[in-house]
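Heads up, the next two complexes both have chain A, just with different partners, chain B and then chain C.
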Partner chain A sequence: MTELVKVENLRVIARSDSGRETPIVRDISFAVPRGKVVALIGESGSGKTTIALSLMGYARSGCRIAGGSIRIGGRDILSLSASEKAKVRGRNVSYIAQSAAAAFNPAKTIMSQVIESAMIHRLTSRAEAEAKAVELFRALALPDPEGVGARYPHQVSGGQLQRLAAAMALISEPELVIFDEPTTALDVTTQIEVLRSFKSVIRDRNTTGVYVSHDLAVVAQIADHIIVLRDGAIQESAATEQILTDARNPYTRSLLAAANPTAPAQAAPLAADAGEPPLLEVEALVAGYGAAGSDGLPAVTVLNDVGFTLRPGTNLGVIGESGCGKSTLARVIAGLLPPAGGTVKFRGETLAGSAAERTKEQLRSIQIVFQMADTALNPTRPVDQILGRPLTFYHGVKGAERTRRVRRLLDLVQLPAHIADRYPGELSGGQKQRVNLARALAAEPALILCDEVTSALDTVVAAAILDLLAELRRELKLSYVFISHDLSTVRTICDDVMVLYAGRKVEAGSRAAMRSAPLHPYSDLLVSSIPELRTGWLDGLGKTGGEMGLGSAAVLARADRCPFFSRCPSRIESLCDTQMPPVRRLAKGTDILCHQSEAELIRLQADLRATAAAPLDRSLPGESRQ
Partner chain B sequence: MTKIVDTASETLPARRGMRGWTITPVGGVCFAIAAFWLIVVLIGPWLAPHPIGAIVSFDIFSSPSAEFPLGTDYLGRDMLSRVIIGARYTVGVSLAAALIACSCGVALGMITAVIGGWFDAIVSRGLDALNAIPHLMFGLVIIAAVGTSLPVLIGTLALLYTPGSFRFARALAANVNELDFVHVARARGEGSFYMIREEILPNIIGPVLADFGLRFVFIVLLLSGLSFLGLGVQPPNADWGALVRENVSGLAYGAPAVIIPSLAIASLTISVNLAIDNLPRRLRDRLS
Partner chain C sequence: MNNTMSRLIAARLGVMLLTLLIVSLAVFVATEMLPGDVAEIVLGQSATPEAVAGLREAMNLDRPAPVRYLLWLGGLLTGDPGVSLVNNIPVATLIGGRLGNSLLLAGVTAAFSVPIALTLGITAAMWRGRLYDRIVSFVTICVVSVPEFMVATLAVMIFAVQLRWLPALSFANDVQSLGELLRVFAMPVISLSFVISAQMIRMTRAAVIDTLQSPYVEMAVLKGAGQTRAVLAHALPNAIGPIANAVALSLSYLLGGVIIVETIFNYPGIAKLMVDGVATRDMPLIQTCAMIFCFSYLVLVTTADICAIVSNPRLRHK
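Now for the complex of A and B:
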């Protein structure tokens, strides 16, 4: 077994505007054997991307490679001149970026971009390169491999684009491929398709790779060897199996623990007084964007006939993939988007559609916390003003009393008091999200709408925020509507779970019921798509709906058929595509939107598990996004 | 420009002003020139050796001498005095017009972005229509109709440059208006005035200041153009544009009387332009 890549004592230094220098990668040494995949794992700021980029002899602006050596296939990368490095990049070493959407030029066809590096390095003729690209498209399980190259990047879905980025990286048959968080921005159901195609390509072509990720479960499926990084230093380096089963380093163990969230000691739902009205009641909600048409519906309907009831002191989890309307639901409840139909009742009172028409008391009681703490905090205001404003606005608190209460809020979200003078730009992602949460708490609400509050955070930080939410709920008797695309997160914190697909409620029930069969076919797909922390999980997985159709949750809801039809493994032809399914109550206590009877669903889902290895019939009308 | 910043921060340590603020050498020089002209504007009448209209020499278009450091003009008046007093008109009128144009434009822009709807549509289309008329032509028409005076000049220039400033501010404010922290404020129930003052203005103030500087420069040039055509500041007073026009026959003699006011216009516009490109930056230590 020969080593392709050998990194020794690599050091990278970053300098700040004021000229202060800080090492961000400290004395890293590792090797990648030919035909193997090594994963670099760590939270943001651990230096994993910096190391990956330095393998191409590149340091981002403000950073420089200060020492050490990198040898790839006998070449000393760091001693190459700029033009020699340019020859290596894309030819010997290629790179797949996290956001494929940003990596493609929207003005050129996919084919011209995929074969670009082969053309630049004059490897083959254009015709040969195109033939090779089509072959790669086929290997990556892309639909319509002959035709996809003629399309433009916006004409394919995010998961397909990520696979096309892989084709772009592999076209020049590089010795080393760097995967930089290629599936992080994707939905779980899409992530599976991409991982599966990456894995088959890596195996078939015996590719040597460096896989950068923060997600241990994903890495466990692909990598042979895992290097755990923290603050630019190696914490642990071992074979994948060993890291997963026998981690030595305490930090690795904390990563493993965070990747496998267990339900924190749940406070039993606070006993509701008999006769107390439900905290939040949503009925037959219809909402969307654009001007209302003649039928009173908006141009694009995002939510269709969604309803639920939230008892005081309980939490509701709302899950679904991007575009399913879950954030729109939060915006409607918060009064940011007046609904086109249906009602939202809070403690028995019907709420006005727009925040401007609601009473101050109603506004105070419902607070919203957004996903991106970067954009949710005004960058020009220090933390004490951000937290102080709701105190003054709702409670009329001023002066020394306000300072005292800001300090108490910071204490509540476990932030030090000196952070009050800082601006949001000077805080870390986790700190920002805590300030974001503290601002909602300042209003002393009864209900907090959490819109993907942990999605943008590292697993360890996200786990800490979830713990904090659970603790705050106990102390302050809060209720949450917790919106997420991650079923495992929702299951740790919520009493009830609602699954949305294409703006319709496809399943709703208690947390316990969501763990038992049968599930709605889409819930079943979601559950089976969550990567498990063991090697071989991906290989053992059956071909699920995620692979079959290429539809997405953003498919516009149509009244004449089941929204999940094109991806459903349990569909009934000429019934599911001609009639809207009825709401069915299952014995386990959940309501589902499906034509299949309960007994039939149990049988079908058992079958699906049993035939896990055998590929399902794929001669289905694939639906691509045009 | 980045190049200069980089080398500056490595070799000669960038000049540090207030705590944590830094400015590039180019920016510093340009600020000094702009400040120089501002001082001239403020203390001009005490600085000028002769009254603006006084004919002090029988020699016209004379070269610099000890008595007349910048020579004399086509009537034998002292150029130094005329440039110093002319600065009051050029800088004063332009600054007043730019201030009015930008405050009206930015305020309207933010209000329309926050309120939106039909109010936005009416104001935007109305100002677009105004913007569609060529500036110099429109200015000529107004001044020809109303007659020229300082208030009319300031008002006309402000009116001409308000739509551009409005468009710019509205585009910026509309972007900020869609950010999550503005949604949070709206969900909290904040009024439009608070939204504009606290959430939007602080986040667009940087580009708005840069735009103000540019607009000031445009107004200086337009005012000089109007004066060159004889429609600006009226004799015996003169702004720099008028000084160029009345002395243009001195070009044949290479007289400083025509070159000095041209240089003054160039130094003011270029330095203000470069100064706003090199505004002092606050040092942000991202690594801390």
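Now for the complex of A and C:
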């Protein structure tokens, strides 16, 4: 076995603004054999991206490579001069960045950027490079391979950009490709398509790769060998199969456990009195952005005819991919965005569209927790002021009583009392999200709108926040509207689930009902797209609906066809594209927006499973292994 | 050029015209509020009330303010800004030659300072933190802190009085050749360039550094691009908007704010004309000069905005 990459005792040091130096990569040694893919796994701050970048002799500003050696194909990378390093970058080693949307220069065409490394290193003529790029676009299953190069980055979707970034890395036929979290920013249904095309390209070209990720399930599909990192040191290094089935290191085991969420001890929905009015009733909601047109609809309609009922003490999970309108729904309920049509009723009373016109009591009862605690918390206020302000505003609490209540809130979210004097910038991501939650709890609400509250967190931290949410709900009799793009998260804490697609409710039902076939074709795609923690899952998967093609966004707003038509594996031509589907009640108790009959859906989904050669109960990742 | 862009540009031009109208109203009201009666000033202390009243009527001063505003605005639009109250010469004639002089000085200064400032700003950003960058940053800070009258006076003392290389006074009228032009303009242009370059250098450096930190520039470096390519091909096209704004704001100073330099070099420009107008309460002259300054300022800022719109690929390629 010949080694292409050999890293020995690599050390990288970060220098803070005050001049203090902290090691962020400590004595790392590993090797990558030719034609194999090695994964670097870890949470944020584990040093995985820093290690990957140092393979190109590159350190981000504020960091420097302090010691060790990196040999790639016999070249000692760290001893090269700056211009020699530039000759290796993009030629021998190439890089696929986490966010392709940011890694593409908005001012240049895609083609000029894809072939740039071939031009810089004078590998071929421009015409040959462009021909080769088109070939790569085709291999990566991009729509319109001839035309996509002439476009600008903002004109193509995120999933396509990520594949274009792969083409950009492969154009120079490098010896080593570094994949830095290339699918993290994508929706699950898109991720699956991108992973599939990466995998086939890696296999066809016998590429040697270093794959950086925080997601064990994704890595299990692509890597031959996994290195688990924590705080810049290697915790465990073994073949993929062994890590997944026989992890030795306790930290690896905790990562595996967090990647595989089990439902926390779930109290059955608090028994609701039959006579008690619903907590929240949303009816025929229409909302969007931009000035209203002559038909009363906003310029961009984001939510269309969405309705649901939330009983006291129950939770509703809202899922869907980015742009489906789930955050807009939370903003409408909170009064941040007045709806263009429909009503929101809270405890039987119709709420005013804008928060400014709601009573203080209504405002207090409904609180919202935003995804990014970083931007939701004022960085110039200490925690006790962040929490004290709503206490004074809603309850008129002041002085010693306020201090006591702040301490109680911190206690509720399981933070130590001394946090009260800290500023948000001094807290970790998980701590910030807890403060963010405590701020909502300060109002003593009946309903909390959680907008992707765990999406920006590492898996282990996110699991702890979910546990906290479940506990708070039991103690304080709260209801949540829990918005997420992650079906497994929603299923661990919600009683009811609503699936949104392109601003329409395509399926809604109880958590249990959402686990049994048949599902709405989009829900089915979502379920089958969640990567599973076993090797070979991706290979065994049948054809999925895939991501949206070019220009399909315009189709979404049309009222005369099913919004999911262009991606649906079960569509009926000349029916689904000419009529909006009816709402159909299935025997298991869910409502779906679909033209297909129940029997037909069962048959079609069983067929999809059969071609996938995967177990039929695959719709239950998590449970099936418990 | 697509629809969105044409619409945005048309909207910018519309805003510019509206601003100009509001400014004209503000200028008119402000000059109305200046104390003193022009007729009395013109005729002197010994004037009889009848003479003053006659002159007021002849000057339209007895008509209500809104009517005078509309008369004045109509005159401006048709190219007739009125007659100087002080010496009965049409304002257009008074301003005509002076405006040409001012535009010439501004043009020469811009042609000289913009390329130098942009080059310094971009190169300082490229070698950020190195000795070169520190020297450029230090010198621009020094230059921006020294008042222009000091730079101008020092220049006169050294180059005109001591060395006798350059003329101390600048009369643009007697320029016959290019060499003479350079000699005449050298000192005012250098003094003005000192003032306006510092801001352009600092803003250009900041704008380029900002884009240099973006992931797509890091990606270019990881593709093997050298420093020059990363800056010129990747960072610069995305920094055009802020740079155009910095340039426009700096250049806008060249028309209205050059009074000190015009005074020291006795340069017959429009700023000096306006100050003289204020001293003699010559309303039509003041109003017209103020409108010219506002107009040129708006033209520059709007041009910068249009540059930013046109350089944005999201708007250019819908």
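Basically, the second predicted complex is superposed on the first by the 602 of 626 C-alpha atoms of A that agree within 3 Å, B and C clash if a C-alpha of one lies under 4 Å from a C-alpha of the other, contacts with A are read in each partner's own complex, and residues count from 1 in each chain.
The rule is short, and it goes like this: contacts are C-beta pairs under 8 Å (C-beta built on N, C-alpha and C of every residue); 3 or more make two chains touch, one makes a residue touch a chain.
Please read all numbers here as calculations on a predicted model, not as lab measurements.
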A:154 touches, of chain B and chain C: first, second, both or neither? second
Which superposed partner A:4 touches (first chain B, second chain C, both, neither): neither
First, second, both or neither for A:375, with chain B first and chain C second: first
Which of chain B and chain C A:426 touches, first, second, both or neither: first
Chain C residues touching chain A - in the complex, by the definition given at the top: 213-226, 229, 233-234, 237-238, 311, 313-314, 317
Chain B contact footprint on chain A (complex, rising order): 14, 16-20, 22, 331, 334-336, 355-356, 358, 360, 363, 367-368, 370, 372, 375-381, 389-390, 393-394, 425-426, 439, 443
Residues of chain B defined as touching chain A within the complex: 9-10, 13, 22, 179-181, 183-184, 186-190, 198-199, 202-203, 281, 283-288
Touching residues on chain A, where the partner in the complex is chain C: 53, 56, 58, 60-61, 83, 86-91, 94-95, 97, 99, 102-108, 116-117, 120-121, 151-152, 154-155, 168
